[in-house]
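Notes follow once the structure below has been shown.
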Amino acid sequence: MPLIEESDAASEVRAVYDDIKTTRQVDRVNNFWKALAVHPPALRRTWESVKEVMAPGALDPLVKEMLYVAVSVTNGCEYCIASHTAAARAKGMTDEQHGELLAVVGMANETNALANGLAVPVDDAFKTS
Amino acid sequence: MPLIEESDAASEVRAVYDDIKTTRQVDRVNNFWKALAVHPPALRRTWESVKEVMAPGALDPLVKEMLYVAVSVTNGCEYCIASHTAAARAKGMTDEQHGELLAVVGMANETNALANGLAVPVDDAFKTS
Amino acid sequence: MPLIEESDAASEVRAVYDDIKTTRQVDRVNNFWKALAVHPPALRRTWESVKEVMAPGALDPLVKEMLYVAVSVTNGCEYCIASHTAAARAKGMTDEQHGELLAVVGMANETNALANGLAVPVDDAFKTS
Amino acid sequence: MPLIEESDAASEVRAVYDDIKTTRQVDRVNNFWKALAVHPPALRRTWESVKEVMAPGALDPLVKEMLYVAVSVTNGCEYCIASHTAAARAKGMTDEQHGELLAVVGMANETNALANGLAVPVDDAFKTS
Amino acid sequence: MPLIEESDAASEVRAVYDDIKTTRQVDRVNNFWKALAVHPPALRRTWESVKEVMAPGALDPLVKEMLYVAVSVTNGCEYCIASHTAAARAKGMTDEQHGELLAVVGMANETNALANGLAVPVDDAFKTS
Amino acid sequence: MPLIEESDAASEVRAVYDDIKTTRQVDRVNNFWKALAVHPPALRRTWESVKEVMAPGALDPLVKEMLYVAVSVTNGCEYCIASHTAAARAKGMTDEQHGELLAVVGMANETNALANGLAVPVDDAFKTS
């Protein structure tokens, strides 16, 4: 798949790249966006959604990055694990926090399998939450 | 699958149930453990691991519960989604935090698929993180 | 989705149902086949493949059923977990074997996540196996 | 991610490495453990669980390794497929057994999808197993 | 989880419900949107994206619905399988097309597992596509 | 894993290779089949099924290839994404169609997660489809 470099980007793509750099206060756009730029409507729509979802809100940005890592690890998405682990570190994730994050993700994948395998019925107490 | 009720539990199982109730300060054991109790060594080993992994540490317990929800949603484990969403609420997760948690998990599942589908190469900048 | 009962089955479907009952030495066809019978070519092709793959060979039939359970648990397929757990029990799986099977499946799901999350490079020693 | 080599390991990590080598009667520790060693509590806890789960019991060790391969293939975990396929071969898995193992795993993934897609209701006969 | 009925919806939510009904030319909103309405920003953002992605374009709407079913079956999402299978039928999917759709999805899940299990290297001929 | 080249193939394998080349009107066999050829019964059975499932029918071959890509992307199978994306292009998929295909797959993975996370009950209207 081609990557659309900033110097080769049409104005529609360039505008998204510029917004990514401004929003994230970085000086380069990472490969995910350069690959997605082959489909400009998908680039714009995906960036607008990511920008909105990952903005500070009721959850802080580092927690959001760690949630992103948890999903990416569970799906085994190599690119996403690399990029969101880097983003979490840039937002202050320590080695110890990374270790605990992976421990929770590993344990959750284990007990998800056990709950499936045992066909555990949902407790009444959990049905109203 | 049978559920081993507390009143029917052998002493090895009863000891685990008691530790769950004491550690979590709850007065009942949820169905996951009652189902796992058919295999006492698995019950003991799984509980010891969950207890260690979910204890307060470099990450706070609510963040750990939300990571658990993120994995469970990605795997589509109905029981685990119900039980860990309830646990997160018991630890203070608000409606707004829940909404943002699910938004991040949804977005991560989407961009995981896009990164896979486009076979995006990992940026050199991410390789040393 | 409708289930095609034996009494309503066209001859093409009936022939597959009869072969299932003869091969497995059972007196009823389970719902999976009755649902698939809406698409007779898929019914025939799937049964022929399952029959060939699950026949005794270099692996014994109980091991094959347990492998089927391991995949079904990992995918969280409720129907498949129920039907293949029942089939494994019918072939002699004990409670203790079931407990160990689920323990291995749970552990594998956990370490799969850890290996992904840590981006562990494959050892040279494993590359020639 | 760094790999902690045996010569650089702190005593807590070294003790786990030594136990891995003794238990498995091998003279090197594979990369999974060297990567996990960045987080010593996770290294210790994971190894203790793997050691207990993979020990001979009601299922023989080769069957356990094949179950591990089945899960790893279903999750698409490249590292885990490579390491557990090598481990299964070291425990005597033949080419023919490997072929049958993969055939069952492939078929299970296919019929899991079909059962999901058809929303097949669980047979009453399977509910008491 | 609560479902926000149309009669109870605040104006922000009501506006989205109205747009869903107008765009799809239906007289009711399905449960997915009523559940998502607990988080109004997620409701609006998700609907805007779904509306744009599922609109007629280079692919016709029925093909898009069948792709949606393929993903939902692979993930084992019961709700999504039910809703998008119904949507595909409403757009004209025949029984025979449904049968072929599921057959392709089943086969793809099987060969994905085989390609993973065999660690097949990507052909040079596929690298430039 | 070894790849069985055409020049080294035993007659049973050679016959399958020849049928693949004739059916697809290509002059080489891709690596998937060369890897599977280590297990000749699996090679033959898998090819016969793929040949039948992917033949023109109620769905046209390009739609079938795009469904294959959708599943492969969802599973994160690198080999399968590469090979079936190439096959779809060879059957006429345009850049714009590819962009829309990935957009639908991404969106479906997102809303699958949201539907799971919110435990949305299936609408009565969808139960009879």
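Should a chain be cited, it is by its letter among A, B, C, D, E and F, assigned in written order, with residues numbered from 1 in that chain.
Criterion: a residue touches a chain if its C-beta (ideal position, glycine included) is under 8 Å from a C-beta of that chain, and two chains touch if they have at least 3 such contacts.
Only a predicted model underlies this, so the values are computations on that prediction, with no experimental measurement involved.
With contact taken as defined at the outset, chain C and chain D are each touched by A, B, E, F. Taking the definition of touch as given, a chain qualifies here only if it contacts chain C and chain F alike; those chains are A, B, D, E. Using the mean of the Cα atoms as each chain's centre, the chain most removed from chain C is A.
In the CA-based superposition of chain B onto chain D, the rotation angle is 180 degrees, rounded to steps of 5. When you average the Cα atoms of each chain and compare centres, the chain farthest from chain D turns out to be E. For the touching copies chain A and chain B, the fraction of interface residue numbers used by both exceeds half; the interface is of the same-residue type. Note on chain placement: the centre of chain A and the centre of chain C lie 34 Å apart, centres being C-alpha means. Work out the mean CA point of chain A and of chain E, and you get 21 Å between them.
Centre-to-centre separation of chain A and chain F, using mean CA positions: 27 Å.
Shared interface positions of chain B, i.e. residues touching 2 or more other chains, are given as 38, 41-42, 45-46, 49, 53, 71, 74-78, 82, 85, 96, 99-100, 102-103, 105-107, 109-114, 116, 118-119. Residue ranges of chain A in contact with chain B, taken from their complex: 1, 3, 28, 30-32, 35-36, 38, 42, 46, 49-50, 53-54, 57-59, 63-64, 66-68, 70-72, 74-75, 77-80, 82-86, 89, 94, 96-97, 99-101, 103-105, 107-112, 114-116, 118-123, 125-127, 129.
Listed in rising order, the residues of chain E touching chain A in the complex are 41, 45, 49, 52-53. Those residues of chain D that touch chain E in the complex are listed here as 69, 73-74, 76, 78, 81-82, 85, 102, 105-107, 109-114, 116-119.
Chain C contributes residues 76, 95-96, 98-100, 102-103, 106, 113 to its touches with chain B in the complex. Taken in their complex, chain C has these residues touching chain E: 38-39, 41-42, 45-46, 71, 75-77.
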